[in-house]
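Following this line, the structures themselves.
Each of the next two complexes has subunit A plus one other chain: subunit B in the first, subunit C in the second.
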Partner chain A sequence: MTEANILRRKKWRMTGVMIVLIVLTYGSAAITKFNIIEGLFAIPSTLAWMINNLVPSAETIENIPKVLKRLWETIILSVIASTTAAVFALLFAILGAQTTQFNRFFGFVARFMASIFRNVPVIAWALVLVISFGHNVVTGYFALFFSTFGFLVRMFIETIDEASSDGVEALMATGATYFQMVCKGVLPDTMPQMLSWIFYMIETNIRSATLVGLLTGTGIGYLFDLYYKKLDYNMLGLITIMIIAVVFIIEFTSNKVRKVIS
Partner chain B sequence: MTTIVLERQPLQSAFTIAPEREQTNTILQLTNIAKSYDHKSMVLNDINLSLQEGEFVSIIGQSGAGKSTLLRCINRMIEPSNGKIIFDQQDITSINKRAMRQQRAKMGMIFQHYNLVSRLTVFENVLHGRFGYKSTMQGVLSIYTEEEKRLALSILEKLDMKDQIYKRCDQLSGGQKQRVGIARALVQEPKLLLCDEPIASLDPNSSKVIMDHLKEISQSMGITVLVNLHQVDVAMRYSDRIIGLRKGEKVFDDIPKQLNQLAIRNIYGTSVDELITE
Partner chain C sequence: MHVSPLETNVKVRNGRIQITNMTKANIVMRLVLWALLLFTLIGPFFLDYGTITWSTAISLTLGNLKMMFLEPAFHQITFATALKQISMTLALAFLATILGAVLSFFLAIFSAKNLAPSMVSNGIIAFNSFIRAVPTVLWVLIFAIVAGLGAIACVLGMMLHTIAYLTKAFAESFEELEEGTIEALRASGANWWHIVWHAVVPQSSSYMVSWIFLRFETNYGVAVAMGAAAAAGGIGFELFMASSFYYDLHEVGMITYCALIVAIILELVSLRIKRKLMAKS
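Our next item is the complex of A and B:
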């Protein structure tokens, strides 16, 4: 085939893809009666409403300690859920990683279980668990624990397989035992990357914990829900800003720590 | 690919060793070793090989000729499909994992990519060579005896690595990393050193340093050294004996002097001039 033909074919293919995309967009907008122009024109008035209502007033500022107390609960919950999930995830990842699995069957089971836990969204876990555990902090803990566990197993397996197969071969050749190989060959090279993932999960879980709290009635989510139903928009604004601030602080510190340990 | 021209060793020529061979002990005896991954094509076919104490033997052959597989069949990192391995007067072909671990402790291995734990220090990596002699707990908790630490220090000193002891391995150059690899193998107090293309990732100067160390090890410590090599000229210069592999079969096994153009053509399917300019 000549050069010109290949180029022409590529152009036609691109045109085809564009047409399909446009048709899909228009089709779904027509079905749902969604008007993108109207939506765009609504933005300025929405912004004006937000500025009028969501900016915290002087009296809401007095409520900061109350918000902080609930926020603290949420932070602690996500730290506990992330760290405990990480311990279990490490065990499963060692079972599931190609370089460290001692049995193909267990490796498959570990990866399969992690995949199930990972693919159920945290909100679905919360909804299911709230039925059995009720509206308390345990529900929130398990919902975060399960989704974090699933995600971390996946990330730890990738970290182990990427970082350590060379060292593993050398240690096995010296006559090292399995646990010597894992503790001295795999963990030293993978620890910083794994810690990095744990920090990332703590950040993510603070955001998720807010959402889960809405459902389970705990932490900052509970407070958010309360003021939302009271139509106290000033307080809502305050809570939102404080959540954003906390996530920023956590992200900043975790970046610092990651730099130091790597 | 660059040619590595190394200075000729003034020490010992190949044929002074040949008559002595009968008197020394056989350290490794391979009989009919074969390996196939898919029951169709043979990676190794009917390899017979015996190594004497203190011998320096090179294996040459094209990529894919089975050099690495042969080396790993000796310490059973790869299980041979067929054949018998006698190492240090003991049949290790089908001994269990625990017994094999003890035998592996007596065989050091050196790799093309050094295979160090890069975030640990030189000293820690060298001491990993003692794992084969330790219980799991001793290894996991890094409990080493005074003698073991002294041994590691003296070996590092001998390899000119004393100043780098507390450096992390990811801060070392390639040649230094390979010397750590050698130190880790030597701290095992091995009887046999298996070297899988030890200089394939190194520059000419570092290559010479590494090969000189390996030669020195076989001569002064009486450790048998078996090296996979890509460079025919290096093999000729350093070896007491050269093994040629072609498509999993041993097609040459003699002193370097006998490795003439015809033999090289037989191993590689080309003449040596074409090889070097490849």
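Our next item is the complex of A and C:
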């Protein structure tokens, strides 16, 4: 095939993809009754509204301790959900990864269970748990735990499979046992990467905790919902700014740690 | 006493040769692990559990989960409605992804270090981390104040996070373009737009398509959640109605299964795309 032909075919393929995408966009807009022009114009007007209204006033400053208390609850929840889920995820990932599985069947079961846990929507867990546990931190904890667990298993398996097949082969050749292979070969190799996934999950969970809190009446999400329904925009501004501050602090720390350990 | 150069490098403790090297990275990692462990052990004592009877709550949960996963059934809605609502959720996710992708493309050109001045690039990166710091659900609710609850607020809220994510991904793949290519084009008299359209875009188009699909998978999950939390319609809204309004766990189970199957299909496709990407690079 000549050079010009390849280029022409590539061009045709790109045009085809473009046409399909445009058709899909119009179809989706029709299904959801979304007006693209109106939608895009809502962005600047919303930003202008935010600058005018989402400003904490002098009275709202007094409420800072109240917000801090809820925020603290949300932070604890995100961290302990991430760390405890990581412990279970590590076990399942070792069972499920290609290089460390000791049985094809168990490997499949581990991967399948993790897939169920991460693909059931977080809100489904939250909505079911809130029926039995009520408006309680435990509801939020379990909802976050389930989805974090599923996600971390996927990421840990990818990490193990990418990093360690050569090292494992070398260790097995020297006659190491399965446990020596996992503890001395796989874990030290993959620990930095896994740790940075845990940090990523803590960041993500702060945001998910807001969503879960909104649905289950816990943490900072509950507070946001309360003032949202009261139309108290000054308080909303304060809460939003404080969430941003917390996410920035966590992102900053995790970036620092990631840079040193990897 | 004479010490051979080999022995000075071998650390011995309790008559055993130490094989782990205490580098700075190792020390920091251990500290972080201990800190996380400590926080996990102490953290639960700071939480307010209210009045909770653990035994009844746990047995109730197990019963609910059994009703949900083992005895799913439709009562209030039909299978056809569920399908329609899933296509609605997919449509919301698609709109947020595609609009976000178009805007991200332009932002990414101006945030790639090899294509734009560093001041513009840093400005865009800072703007993106501000967007990312606010949870999607808050963006959706804030948009809802101005545009009203519904598809517009939902799509725009999800779009902002999509932009923050895709801009970074696109910019990274633009930055992989070799400096030599840009220089050669510039030497032959190409202007900035020529470089973008004839070198940057062709080289990274397959990457961009992959990233867009990976984000679409994430956005599907977000769209389910937004349907419930921000009343934007779709399968998430039905889930919310079935559990909080009708208290019908059989139906919650059935809707969860419908949402789950779509999510697993999307995940399998994106796994394939990822493998292809890794094989290429």
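Just so it is clear, the second predicted complex is superposed on the first by the 213 of 262 C-alpha atoms of A that agree within 3 Å, B and C clash if a C-alpha of one lies under 4 Å from a C-alpha of the other, contacts with A are read in each partner's own complex, and residues count from 1 in each chain.
Definition applied: a contact is a pair of C-beta atoms (placed from the backbone, for glycine too) under 8 Å apart; a residue touches a chain by one contact, two chains touch by 3 or more.
None of the values given here were measured: they were computed from a predicted structure.
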item: Contacts of A:Ser57 with subunit B and subunit C, given as first, second, both or neither; value: neither
item: Subunit B versus subunit C as contact partner of A:Ser45, first or second or both or neither; value: second
item: Partner chain(s) touched by A:Pro192 [first = subunit B, second = subunit C, both, neither]; value: both
item: Which of subunit B and subunit C A:Gln98 touches, first, second, both or neither; value: neither
item: Partner chain in contact with A:Thr15 - subunit B first, subunit C second, else both or neither; value: neither
item: Touched partner set for A:Phe179, first subunit B, second subunit C, both or neither; value: first
item: Subunit B versus subunit C as contact partner of A:Leu171, first or second or both or neither; value: first
item: Which of subunit B and subunit C A:Asn255 touches, first, second, both or neither; value: neither
item: Touching both subunit B and subunit C, residues of subunit A; value: 191-192
item: Of all residues in subunit C, those that touch subunit A in their complex; value: 24-25, 28-29, 32-33, 36-37, 39-40, 43-44, 46-50, 52, 57-58, 60-61, 64-65, 68, 87-88, 90-92, 94-95, 98-99, 129-130, 132-138, 141-143, 145-147, 150-153, 155-156, 202, 205, 209, 221, 224-225, 228-229, 233, 236, 239-240, 243-244, 247, 249, 252, 255-256, 259-260, 263-264, 267
item: Residues of subunit B that touch subunit A when the two form their complex; value: 75, 77, 100-105, 107-109, 111, 113-120, 128-129, 131-134, 136, 139-140, 142, 181, 184-185, 188, 194
item: List of subunit A residues in touch with subunit B within their complex; value: 164, 166-167, 169-177, 179-180, 183-185, 188-189, 191-192
item: Of all residues in subunit A, those that touch subunit C in their complex; value: 10, 14, 17, 21, 24-25, 27-29, 31-36, 38-40, 42-43, 45-46, 49-50, 54, 72-73, 76-77, 79-80, 83-84, 115-116, 119-124, 127-129, 131-134, 136-138, 191-192, 195, 198, 206-208, 210-211, 214-215, 221, 224, 228, 233, 236, 240, 243-244, 247-248, 251, 257, 260-262
